[in-house]
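Chain IDs A, B, C and D follow the sequence of writing; residue 1 opens each chain.
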Amino acid sequence: MKDYALMMIGAALVNNVILARFLGLCSFMGVTTRIDAAAGMGLATTFVITVSSMADWAVQHYLLAPYGLGFLRTVTFILVIASAVQFTELTVRKVSPPLFQMLGIYLPLITTNCAVLGVALLLVEGRMNFMTSTLFAFASSVGYSLVMVIFAGQRERLAVAAVPRLFAGPPIGFIVASLLAMAFMGFSGISTG
Amino acid sequence: MTRPVEMPVAAPYAATPNSVSRVMIIVMVALTPATLFGFWLYGWPAIYLWMITVGAAAGGEAVCLQLQGRAVAPVLLDGSAVLTGWLLALSLPPWAPWWIGVFGGLFATVLGKQVFGGLGQNLFNPAMVARVALLISFPVHMTAWVAPLPIVAAAAPGPIAGLLITLKGMQPAFDTVASASLLGFAKTELSRGVDLAQSLLHAPIQGWYGSRAGSLGETATWLIAGGGVAMIFLRTITWHIPLAMLLGIAIPAAILNAIDPARYMEASTHLLSGGAMLGAFFIATDYVTSPNTPRGQLVFGAGCGVLTYVIRTWAGYPEGVAFAVLLMNSLTPIIDSYIRPRIYGRNRQGVALEPGK
Amino acid sequence: MFIAVASLTLMGIALGGLLGLAARYLAVEENPLEAELQALLPGSQCGQCGFVGCAQAAAALARNEAAPTLCPPGGRAVAEAIAARLGIRIDLAAVRDDGPQLAFVAEDICTGCCRCSKVCPTDAIIGAAKQIHNVIREACTGCGACVDRCPTEAMGMVPVPVTLPHWIWPRPATV
Amino acid sequence: MRLIERFFKEPRWGVHPDDHKRPAADVPLRVLPQPARVHMPLQQHVGGAARPVVLVGQKVLKGQLLAQSQGNISAPIHASVSGTVTAIAEVTAPHPSGLGFAAITIESDFADRWIDTDPVADPFALAPEEIARRTAAAGVVGLGGATFPAAVKFVLGRRLGVRTLIVNGGECEPYVSSDDRIMRDFPEQVVDGARIIMHAIGADESLVGIEDNKPEAIAAMTRAAAAYPEVKIRPVPARYPMGSDKQLIQTLTGKEVPADARAAEVGVLVHNVSTCAAVHKAIRLGQPLVERIVTINGAAVTAPGNIFAPLGTLVDDLLAFCGLAQAPARLILGGPMMGTLLRHGRVPLVKGASGILAFDAVEAAVPEVGPCIRCGSCTRACPMGLLPLEMAAHIRSGDLDGAIGYSLSDCISCGCCAYVCPSHIPLVQYFSHAKGELSARERAKLRTEAGKRLAEARLARLERDAREKAEVAARRKAERAAAKARVPSPQPEPQEAST
C-alpha cells in the first residue's frame, strides 16, 4: 500500500511529466490561457492516458511480447492512443460544446501529445504489472493536469501583468515554467525516502 | 506633482498617507533587530555578505530599469529591491562566499522580478526564487553553516579576516566552527539510521535565544517573530498568513511526534528552527505573491506550513520553507480566482440574494 | 510477418468499429456557427467587406475564408466578437476604428440627385428629387455606402458628436 | 486600550479619511445676497430633462414653473429668483468633461417676489397620492447627490409596502457639512418632512442615521423628534461611506439590499435629511425646490462655511461671497471622495450639489502613481466586497469582460479603494472608464439592432416594390395581349385606378 502511494507521489510530483520529463510541452503552452480550458484538457488527457495505457499494457503483454513484435510497439500504441483520443473527442463534443470550442485543435492533437506515448513507453520499460501500470499512468496524468491548471492560473495573471515586450508571451511562459520546475524540485527524494 | 488640467482626474481627490515606500520601510525596520542580532552572532563575514547581497539585488534592478529605458531612481527608492536582497541575505549561510550573494541578488531581482515587468507583476517571491536556485545549484556552499561566534568573541574574525572569508571562502583558521543546522543534522542522522532520541543528544547547541548554527534569519527567531507581530499591529500585514503557516507546521508536527517521537521532531523544534518564523512573517506575507482575501490567505498560509513540514520530513532537502513558499506562490492565482470575498447583495457564488430574506 | 500484418489489421478493424459505434451514439448536430456569426455582424448589408451582404460575409467567416477584421463599420468591437466566437486571436491594432461615424450632407453642394438615398441600407437619408437631402441621425449606421455615390462630394462622414450622457472617462495613463 | 478597540471593533469595510468638516460646519448659516443672474439647468436630476414652458423675455416670479417634467422619471424646474428670462441656451455643466447643457437664464430684478403658493395646514389629512403629486410638482429630488425624483420613490415605496423610512444624515464625505447644518438649524423641518414622507409611503417608523462625529446635529434632532416616538434618532459610527444607502441600511437594520434590486424590495426607503426638509417646504409652505444649503470649503477659501443660496447661482459668485485667498488649484462640486471636478467656476449650482470645495495646491496635490503591489488594501476597504485590484488590472489590459466577471456592475464608485491605495492608482477612473465603455457598447448594440431592423424593412420594401412592379407589368402585358386579342373593343380599363 505504502509502495503504491509513494510510487504515485513519485509519478505525479517528483517525476512530473511536464516539469521533470519535459513531455507534453505543446499542450502545456497551448491550452493554458484559461484555467477552465486547462482543467478540461487535463481531464481529457487523464482519461486518454489511463485508458490507452491500460490497453497498451494488454497489447504489450498479450500481443507484442509473446509474438516478438517489439518493433511494432510505437505503431500499435499510436493506433490505440488515436482511437482513445477520437473517442474522447466525440464525448467532449457531446457533453460540453464550450469546452470543445476552447480546446479547439489541441483536443485531436492529444494523439501526438508526447506525454501519452511517453507514459505508455515508460510503463513498458518499467515492466510493471497491470495494477501498478494503471496507477502509474493515472498518477502521471494527474500530475500533468495539476501542472496544467497551476500554469493556466499563472498565465491568466500574466495576461494582465505589465510584462516587458521582450518577454511577453511564450518567453515569460517558459521562465515561469522553469521557476515552477525549480519549486517542484522540493519534492525530490520523497519517493525514495 | 499636479497633473495638467486638460486630462480630468477622477475622484477621490484625497489620498491615504500610506505609500509603497512606507510599507517597505516598515518591513525593513521590523527586520532590523533580527539582522543586527545576526551580525553580532556571526561577525564581519555576515555583514559583508549582507551588503553584497543587497547591493547585487539593487544593482540588478537598476540595470534592468536602465535597459528598459525606465527611470531608475524613483523605482529603486521604493525600497522593494533592497528588501528583496535583505530577505535573501537573511536566508543565506552567513559565511557564504561573495559570489553566492552576487548570484542570488541578481537572480532575485532580474529573473525573479524584472522579467515579469517589475514590482507587483512577479508570480514568485523573488528572494525565495534566488534561494532555491542557489540551493539547487550550489548545495554544498548553501548548507555550510558555522557555529555562532559572536563578533566580540576573541576567536571571531576581525574586519579584515572576515573580508577574506567572504572573498575567498572559509579559511583554515576557522575550520573548527563549521557546523550543521539542526534540521540538516537530524536528517543526516536519520538517513544513517540513527533515531532522534540518539542523535539529538549530541546535536548542535541550541541557544533558546537563537544562538545556533544557521542563516542570519533563522537564529533570531524571537526577534523575527517580534518584528512580525509589530507589523501586524501596524497593519502592514494581517495575521492570517503567519498564523496559518505556523499552525500548518505545528499541527502535523505535533501529531506525528506524538505517534513516533523517535522519527519525528517536536513541533516547537520545527517552529523555532530553519526559516519557519522568517517565512511565516516576512516571506509568505509578501503582498505580490500571496492571495488577497483573508480566507485565501488562510489557505495559502496553511499550504505553506504543511508543505514545509512535508519537505522537511520526507523530501531530500533539510529545509522546505523556500520550496513551500514557491509552490504556494504558484497556486496563488488559482486560490485568488476561486476564493473571493462575498459581494454585498450577493451570495458567495455571486448570485443576487433573494429580496424576501 | 503474417502475425504482424494480421494483428494490426484486426486491431484497426476492431477500433474502427468501436469508433463507428461511438460516433453513432454520440452524434451532435452541427453548430449553427453561420447564424451566430451573422448575428454579430451589423446587418446593414452595406457591402464594404466585399461580400454582397452580411449573410454572405458570415458564411465566408464560418468557412474560414475571410478575416474577422473584415467589417469596417463594425470596427474593433465586432472584430473582437467574431474572433472570440471563432476562437482565434487577431491583431486588433490592424483594425482601423475611428469610433462610430455618421453621414452628413453638405447642404450647399447637394443637388438633390437621390443617388445616396437609394443606396442607404437603412433608409436614413431623406429628400425628394431636386431637394436638399438630409440624414436621420438615429437611423444612420455609419456604413459610408452613400459617400462614394455622391456626384458632387456633398456626402461625408463625421464622428458621432460627444454629448454629456455619452461622455466616457478616459482610461488613466498607464505606468 | 484604544489601539485594541481600533483593532477589533472597526467595521470591516470603508475608510476613515480626515474629515476637515470643522471649522466650516460650526460657522452659522449665511444667506447669499440675491445674485444678479441665475442659470437654471433643465437637467438637474436623474431621468428625462425638463421641457421649458417660458419664453425669452418673459417676466417670472420666484417659484414659478420654468420647465415641466417629461416622462415618468423627471422633475420640473422653477425660478429661483424673480426677474426676466434672458436666454435659453447652453451653459457649462458641473461635469468633468466641461461639456455644456441647456439652461434657462434669469436676470434678477432683486425684488425676490414669490409666486402665490398653496400651503397645506395639515398634510396628514391629504391622500398619500396627493403628497406625491405635490412633491413631484415642487421638483423635489434626492439632495444627497443621487438627485432621483423623490415622488417616484414615494409611489414605489407605497406600492412595495415599505414599513421603514431611513433618513440619511450620514454625510460621510469629508469637508461637506450642509446636512449637518440643516439638522442643527432646522431639525423641525427635517422631522416634519420625514413624518410627511412616512405618511406618503405608509411607513410605521423612521430611523434617522447620523454619524457620531456630529454630536450637535444628534442633539438638535433628538430634541426635535422628542414628541414623535415613531421618528428614532440613531447615531452610527463615522466611517466613509456610511452615507451610502446600502451601507446605512445594513448598519441600521441589518438588512442587505440584493444586487440589482431596489432598497424598497427589502422594505426600506432612504431619503436624505435635506430632501426631508425640502418635502416639508413643498407641502407645508407650497414652495418648490429653488434654494439649498451648500458648504463652501477648502483651503483656498477665506471664510469657509455653509451658505443658503438660490439654485442656478454661479459657483464663482458663491466663492466670491466667501472670499478666495488664492486662485483655487482644484474646484470640486460635492465632496472630495465622490465629487465632480469643475474646470472653472462658471457653472451653476444644481439641486444635488452639497458642497463646493476650492482646494489649494497642497490639498490638490496628486501623488505619483505606482504599480499595483497587490497589497489588498482596496479589497479590505471596498464596502461592496469587490476586488478593485483585479478589476483594474483587467481594465488596464483592455479585458472589459474580465472586469465584468469581477462584478464591476456592483461598484458604487465610492472611492474607498483609490483612497487607500498605497500606489495611488486611480482605480475609480478605471471603473468609470470601463462603465462608460460598456454602456457605449450597449448603445452600439442597440443601434446595430435598430439598423438591422431598418435594413430588413428596407429589403422588404424593395422586395414589395419589385413584386408590385412585376405584378403590374405582368397585368399590363396580359391586358395588352387581351386588348390585342379583341382589337375592336376600345373599352377603358377600370383596374388601372385601383393599382
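The definition used in the following text is that a residue touches a chain if its C-beta (ideal position, glycine included) is under 8 Å from a C-beta of that chain, and two chains touch if they have at least 3 such contacts.
Small disclaimer: the values here were computed from a predicted structure and weren't measured.
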Chain pair, C-D or A-C, that carries the greater number of C-beta contacts: C-D
Most widely separated chain from subunit B, with each centre as the mean of CA atoms: C
Between subunit C and subunit A, distance of the C-alpha-averaged centres to the nearest whole Å: 39
Centre distance in Å when subunit B and subunit C are each reduced to the mean of their C-alpha atoms: 54
Whole-Å gap between the CA centroids of subunit A and subunit B: 33
Residues of subunit C touching at least two other chains: 169-170, 174
For subunit D, residues contacting two or more additional chains: 96-97, 370-371, 396, 426, 429, 432
Of all residues in subunit A, the ones touching two or more other chains: 161-162
Parts of subunit A lying in touch with subunit C, wherever the complex brings them together: 59, 63, 67, 69, 72, 75-76, 79-80, 83, 86-87, 90-91, 93-94, 97, 101-102, 104, 162
Footprint of subunit D on subunit A - complex, ascending: 159-162
Parts of subunit B lying in touch with subunit A, wherever the complex brings them together: 68, 111-112, 114-118, 121, 123-124, 129, 132-133, 136, 307, 310-311, 314-317, 320, 322-324, 326-327, 329-334, 337
Subunit B residues touching subunit D - in the complex, by the definition given at the top: 1-3, 5, 8-16, 18-20, 22-23, 74, 78, 80, 117-121, 233, 287-288, 292-293, 336, 340-346, 350, 352-355
Subunit C residues touching subunit D - in the complex, by the definition given at the top: 42-45, 77, 100, 120-124, 138-139, 141, 162-164, 166-172, 174-175
